[in-house]
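Data first, discussion second: the structure below is written as structure tokens.
Residue numbering begins at 1 within each chain, and the chains themselves are lettered A, B and C in the order written.
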Amino acid sequence: MSHHKLEAKNLHFNYPDGHNAVKGMSFSIHHGESVGIIGANGAGKSTLLMLLMGVLFPNQGEVCVGDVQVTKKTLPMIRQRLGMVFQDPDDQLFMNTVYDDVAFGPRNYKLNEKEVEKRVLNALEVVGILHLKDRAPFKLSGGEKRAAAIASVLSMQPDILVMDEPTAALDPKSRRRVMELLRSFKHTKIVTSHDLDMIYEMCDRTIVIKNGEIAADGVTSEILVNAELMDACGLEVPLALQNCPVCGSKK
Amino acid sequence: MANIADSIYNMRLLDDLARQETLIHKLHPLVKLLTTVSYLTVVVSFGRYEVAGLLPLFFYPVMVLALAELPLKPILLRILLVSPFIIGIGILNPVFDQQTFELAGKEFSRGWVTFLSILLKSGLTVTAALLLIATTGMDRLAGALRILKVPRIFVLQLLLTYRYISVLMEEVARTLRAYSLRAPKQKGVHRSAWGSLAGQLLLRTFDRAQRIYEAMCLRGFAGEYHSGEINKISGWDWAYLGGWVAFFVLARMYNIPLLIGSLLTGVIR
Amino acid sequence: MHMADALISPVVGGAMWAATAGVAAYSIKKVQTEMDEKKIPLMGVMGAFIFASQMINFTIPATGSSGHIGGGLILAILLGPYAGFLTIASVLAIQALFFADGGLLAYGCNVFNMGFFSCFIAYPLIYKVLMKKEYSTTRIFLASVLTAVIGLQLGAFGVVLETLFSGKTELPFGTFVLLMQPIHLAIGVVEGLVTAAIATYIWNARPEIMEKASSGETIGNISIKKVVAGLVAAAVVTGAGLSWFASSNPDGLEWAMIKTAGTAELEATGGLHQQLSDLQSKTAFLPDYSFKASEEEPEPSGGEGEEAWPAVDGGTSTSGLVGGSLTLILAALVGGGISLMKRRKYRINS
């Protein structure tokens, strides 16, 4: 299924103020892969996501989804395939009921209202908040908002899910629920996060970014245990892999 | 709108009330909007000296309140909080209108009648507007606006404003809390921080707008806003509208209380 | 300075609604054709920002008091007049619906008073002109304060005129003006100073925001002409409305002028009222029903314009009192009855 492939070829990006945020990144992500993108604050994760989504366009290099290059022209088609869940659900849930929010995408693609309804109910059911469909977003808890934001992307039936800090600001139980949910998806997944334990559990592959460049790209279980690499990139070995704080023994 | 918590609470309360499913709530939003507008027009069309004639119009809010199972207290509270502007302007009526009339053997200034008339109208109009939103909700009201051919851009923008009031109010509340914790004994924000405090909030608002715009684009937004279908107006909806409008017109044409009163006092005599 | 429904007459409310709808339709067209759709979420969120920023109390130096901003000017500065006007319109809509600040019928008046004057008169004619040459802190302060003051003075005067034309209060024109204008002078100065502080901050931190707002939205001669044309149209609509209700009351307009000079009285629903009272007196079937008591007053058709005083003799007043109380009691009983029945139904169901 080559059209599920996501490819970044030698990406460069400068902000208008001259800040060189992305310097020559290349990688390719295949169908069904689950990839974590990690790095310190300001390393360039968010910029990279914006480039992948076609919100920003690279100064040099290209992003391809399947065999199609991301350009202004191909955006409508690209965006049906790539779904992005924002870090702050309040940015993503801009309508006044959960239903309308989840329906926003399908309606923009001019599906008939029957199909829209089918998709919305299906997406809400998958994330387990069907009962909240007529609620206003500001009445939801943090975990429910996150689920609604994910549903609002699922209703567009994307092939690839891109998530920016999906577990940020969630209590432990809600975090666990979101992780279970994400794990159940068959989509190709790209996740950025500082929650390295989540990355360790969820992603088979990890890309480490440092100062706009790829510092490492490989199997998660090998990268995240590399204390030297992690330290150099402003990160830390996941807590689950560190010494037990009580007895000092390695897990 | 003095207090952040109160304002947010008030909006949430009205939103909750609007999500009930009573007879009134199930009515078509456009019908409720039209009924409200005709009610307001009739109330406002009464002259300055008419008080008795206004009274039958109490039936509308009372009936809707009861049928929609709305709590009386928060609505009454709102009416009491009615803009001091009205009372400020109205209270001068007795001063400027010194003509007197007799009631129950006592002399009153006509100004009091006009003042009372203004107060009654204010109470009725405020209640009617609150009842509209408390039985319809912002999203369905937006649907009614779309049927009335209000341009999409305006409706979408209105909905966005409504949606983000609570988000931004909480943001302002956090900022003010942080400010006041480090600036005890200050009543408001000091002049030296006017620009930076409000300006920072504003810049964050711009950034948020940017992110929202991105979120919209990523889900296929291209300047057009598509709302869902809204149910057709049923016969029952038309009957509701027609019934009330007929009553309003009747109440406007005949001074019903006076008729009742005359009948009664006539019989006693 | 929100106008309330209780203070306006249907004619004034309707005329201002028409004027506001016209300006809004024009603004929407402008936003659609001239600007990118990026502005829509910005307008929406900025509207919410205005709500939120009204919670901030700014301490006014040397007075010990504090005030908050209305936000009309900052919207015009940051979004341009068209988007700014629409944003104010949606802020006022939500205030009218949820906070009972201003009513639905008075909505047109409010949008006009608070949006039109600041966005389409004060902003292009003062702020834009003063800021044409260069941006500097002093200029921003000067322009903001002047624009805010003039915008609010016009708005306050709008309130005065609308209220007087509606004829619900007894306030003489002079008194009302003396009440409204100085208060709004103070409010305008505060609005201007705070707006200037914010604008200066934005200009220092993110100058591109201010440049973007002012570029591509030059209110050139053409637009001004269109604005003036809109004003004339609004005036025609208002005049047509006024003459319509004055038609059965020939001296209506003239008398409205006298009224503003403080000598005569305003009648809001003259024609309609008179016809209705005629109808009422024709259909009166009770001997005690003394609407004709108004004959003691100068006849409305006589052109005096004094509103019919409906209940002058004691008998009618008593009938009114008895009937009025009965009506209210009846209303309460019906409402209470429905609630009781509903509650019972719930109890049975549960």
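Some observations on this one:
Simple rule for what comes next: a residue touches a chain if its C-beta (ideal position, glycine included) is under 8 Å from a C-beta of that chain, and two chains touch if they have at least 3 such contacts.
From a predicted model like this one, the values you see are computed outputs, not experimental measurements.
With centres computed from CA atoms alone, B is the chain lying nearest the middle of all the protein shown. The interface with the largest number of contacting C-beta pairs joins chains B-C.
Summarising the inter-chain layout, the chain whose CA centre lies farthest from the centre of subunit C is A.
If you average the Cα atoms of subunit A and of subunit C, the two centres end up 48 Å apart. Inter-chain centre distance (subunit B to subunit C, centres taken as mean C-alpha positions): 15 Å.
For the pair subunit A and subunit B, the distance between C-alpha centroids works out to 42 Å. Contacts with at least two other chains are made by residues 138, 159-160, 162-164, 167, 208, 212, 216, 221-222 of subunit B. Shared interface positions of subunit C, defined as residues touching 2 or more other chains, are 41, 44. Along subunit A, residues 94 each make contact with two or more other chains. Listed in rising order, the residues of subunit A touching subunit B in the complex are 50, 53, 55, 76, 79-80, 82-84, 86, 88, 90-92, 94-97, 100, 103-105, 107-110, 113, 116, 134-139, 152-153, 156. Remark: subunit B residues 12, 15, 19, 137-139, 142, 159-160, 162-164, 166-167, 208, 211-212, 214-222, 224, 226-229 touch subunit A in the complex.
Against subunit B, in their complex, subunit C makes its touches with residues 1-2, 4-10, 13, 24-25, 28, 31-32, 37-38, 40-49, 51-59, 61, 64, 66, 74, 78, 86-87, 89-91, 93-105, 163, 167-172, 175, 193-194, 197-198, 200-202, 205-206, 209, 267-269, 272-273, 276, 279-280, 283, 286-289, 291, 307-312, 314-324, 326-328, 330-332, 334-339, 342.
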